[in-house]
Amino acid sequence: MLLYLCEQMIGHTDTLTQADKAIGDGDHGIGMARGFEAVRLKLEGGSFAALDELFKAAGMALITSVGGASGIIFGTWFRGGTKNLAGAATLDSPALSAWLVDGLAAVKERGKTKPGDKTMVDALEPAAAAAEQAAAAPLDEALAAATEAARLGMEATKDMVASMGRAKTLGERSLGHPDPGAVSTYLILRSLWEYTEKSGE
Amino acid sequence: MLLYLCEQMIGHTDTLTQADKAIGDGDHGIGMARGFEAVRLKLEGGSFAALDELFKAAGMALITSVGGASGIIFGTWFRGGTKNLAGAATLDSPALSAWLVDGLAAVKERGKTKPGDKTMVDALEPAAAAAEQAAAAPLDEALAAATEAARLGMEATKDMVASMGRAKTLGERSLGHPDPGAVSTYLILRSLWEYTEKSGE
Amino acid sequence: MVRKAKKIFNDPRNVVPEMLDGLVAAYNGRVKKLDGVNAMARVDIPAGKVALLIGGGSGHEPAYHGFVGDNMADGAALGNVFAAPTPDIILEATRAIHRGKGVLYLYGNYAGDILNFDMAAEEGIEVRTLLVRDDVACGPVENRRGIAGAMLAVKIAGGAAATLDTLDDVVRVTSRALENIRSISVALYAGSIPETGEFTFELADDEIEIGMGVHGEAGVWREKMVSTDTLVDRMMEFILRDMPLQRGEEVCVLINGAGSTTAMELLIANRRVLQVLAENGVTVHECVVGSLFTTQEMAGFSISLMRVDDELKRYYDMPIRSFGWTKW
Amino acid sequence: MVRKAKKIFNDPRNVVPEMLDGLVAAYNGRVKKLDGVNAMARVDIPAGKVALLIGGGSGHEPAYHGFVGDNMADGAALGNVFAAPTPDIILEATRAIHRGKGVLYLYGNYAGDILNFDMAAEEGIEVRTLLVRDDVACGPVENRRGIAGAMLAVKIAGGAAATLDTLDDVVRVTSRALENIRSISVALYAGSIPETGEFTFELADDEIEIGMGVHGEAGVWREKMVSTDTLVDRMMEFILRDMPLQRGEEVCVLINGAGSTTAMELLIANRRVLQVLAENGVTVHECVVGSLFTTQEMAGFSISLMRVDDELKRYYDMPIRSFGWTKW
């Protein structure tokens, strides 16, 4: 599943580059590509018994390879989200919920961000809430709900004025563009959902 | 007459720029414009009793304002051409002949150039010869002959491979383009002829 | 079709390590690359010295990594182009330069850099952090980005760290420098990112943007091309409004090229900056004109002023030797 | 329509005097402008010193006029952009720096410069002339242009003129440097001339020209873009074919940017140059990477090597302080 995610995110390089060019410095696409390439190498290089080890390794790979703001932020999501995953063997709905809820908390602490700051938090927060609500549903439904919530959250960042990261000095000029990190957040969840759909067929 | 020459040469800036861009460094146009602007200022600033003083002053203005190769070369023509002009009050055919013949000799000595090197000498030499032959004819005829000779000489530089100045490293690639200094030489004589024609009407 | 930059590289994904090899070589033996990470350190850091670490994204050469050396920084951590270095790189560099007296982290005020440096600072070595916030185009000081004035801050911090005994003292002197540095930039056209070949922003052929950041972050306003003097006057107004200078006060001046702006243009701007300062009765202690903090081949320049007094001048006047700036 | 350069100037016809004002200021009191001409001189030339005058067209900043200073040139004569200085300028500069021991004229091998410097040399002061002919792209040595290697020659000549007693000795040492300097350049795109705003040549978006001169004079060949390593290898072949180096011989290296080429690209090229030298068993005494001799905003770079022995190293190693190059 994570391998599929890596492939997908590497494939989205250009989308993310354009998103970051609009209101940032244009490196988010290659940063994420570099990061998920590192995750892929890490996954191929080792075997991971438990889900939390897998996500921790992925998070660490992101932190040490992406650079910029998003390496820490996305790495912290992956790593911080493992707090209550000990023992989980594969991703199921409760694990998804725990991963997103705890990941969100870790990101907010590390990034000192609140919702409305026009960051990936604005996509991750609704996604975490949706996954929490769907914790009893089958995984594909929970992922579908989280993905859709992330998409709406991402769309909503278009109407926000950035107050964090490189876009903050843009002020009003950041209006109309989604936050690149929010786009990534949506794409990450969508990839996981797609994978579940495909493998469930 | 020299004032008209100055005006005309300043007007040819772009022609000369393009000629120098083709096989040189592109500064011949602005160099000549700067030079003839300096000549104009010198002429307006003083009164010159004799022709040789006038040409000497013009030559010195070119030498100290144009820079590059052509400042010295064209200045030397104007200055060196006054060797046998002492006493001449205005430009007549014998004076024209003396100016071109002595100017040519001075340029060749200073520039260590021989005909065929693809320089202004290839226009000035035939012009001087034509003026010498026409020394007994009226000035407008002598100027017409010198101008036409300069034009043919300038045209002939298209078939020459440069061996002097910035174009020399071009080798074969300088074929097909006239030498910028030869173009200037032709334009200088043409302006003098035009002026004579106009004032003779 | 997007216009791509015309540049000479090997594999654009390897620009940072390849550049770092060439850079370390260009230090002619005075710095070494650290194993396995894109970081470097002086080879001769004295025992018991307060250490100074600088860093940030690559692509701004010679900043930051060109400013390691005698009486300058002890080490630098390099990120990828326009991306903060990762915590592991920063941590390696910190360990390599630490001599028991603590480490000052000095870098620009960017979210990514702060996140990464802060994470590295949690690993046990005594670290203090100072952020460069010299760009007056960004409103209140907390929001301000670190641009070319950072080089003046590194100069003072390097001198202080070479001379003073405690991290506290180095922090105090460097903070004083930071409080007295102001910059403003102008951009004519963008630089490009090697991996994509794309330019980071677009300006019309006759437009310039005043206050634009070193990655293309928005400035204060766009306008049609103006003359050097008009432009410098407006830029100086921004700086002097933010840091009014009294007659008789003294400043160091840095006219910094963004990458492809010619030394000729910078020198003509320098002429005007000095005229404006003279009109204001401000004395120039020293002016530096060069491309010290670039944004790849971006065109434009910035003006930085550092108000100095005897204490700051003492450190400013120290000889320095680094790739990007040497003085004696 | 011809594409025009986007640059910041006041009146493009005044770039040279305005630039000179800014440049003299950027020397922070160590040089002065000469009255009425575009020339400058050190303020502290010792009595009885052999004098060194350099110069040429402007637009190559910091060359040549950025290399006046301690153990460098005593003065510089500036022409207009890409145009040799006129004899009156050269003569004023000669008079200003002459201290009774004669003056060495050191400049690039261009018809215009020769004509003007020679005319100035006829005015009574004892002058000797040495031409820089380092560009191996131009066939036999008499035809060779002076490009970035000139800066290495100025370094040696400056050291020699500061140390040696007679003009003859300075000429001898400088000649030895000149015999051992070779350069080759590559261009990606042209620089422009301020007065017209036009670029001096055109290359297709994917073309480079190897051996192109610093005003756009033709090179050896054009080809499609290649990688840094391939390109450097070819350039080094040209140099090493012309000046074969034995294992164990020593060189100084200058990787010079043409104007808008990033330090990143230069450093990556430097890395490869040093690899090639190492493969050939050649020792690098020092390498310098920077944009010392530019062609306005031209993109490209040159590689210069100077083979050195103990005598040349003695002068090379001397500290220098100038606008364009400082070393200690």
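First chain written, first letter: the chains are A, B, C and D, and each begins at residue 1.
Definition applied: contacts are C-beta pairs under 8 Å (C-beta built on N, C-alpha and C of every residue); 3 or more make two chains touch, one makes a residue touch a chain.
Predicted, not measured: the structure shown is a model, and the values here were computed from it.
Setting subunit C aside and leaving every other chain in place, the chains that still touch form these groups: A | B, D.
Rounded to whole angstrom, the centroid-to-centroid distance between subunit A and subunit C, based on C-alpha atoms, equals 32 Å. Note on chain placement: the centre of subunit A and the centre of subunit D lie 53 Å apart, centres being C-alpha means. Annotation: 28 Å between the Cα-based centres of subunit C and subunit D.
Within subunit D, no positions touching two or more other chains are listed.
Contacts between chains trace an open chain of neighbours here, each touching only the next in line. Here, these are the chain pairs in contact: A-C, B-D, C-D. Only residues 57, 79-88, 110-112, 115-116, 119, 137-139, 143, 145, 193, 195-196, 198, 200-201, 213, 215-218 of subunit C touch subunit A when the two sit together in their complex.
Residues of subunit B that touch subunit D in their complex: 17, 21, 24-27, 29-31, 34, 63-73, 110-111, 164-171, 173. Across the complex, subunit C meets subunit D through its residues 6-11, 15, 18-23, 25-26, 28, 58-59, 61-62, 66, 186, 188-189, 191, 194, 205-206, 208, 225-229, 231, 259-271, 274, 284, 286-289, 291, 294, 296-297, 299, 301, 319, 321, 323, 326-328.
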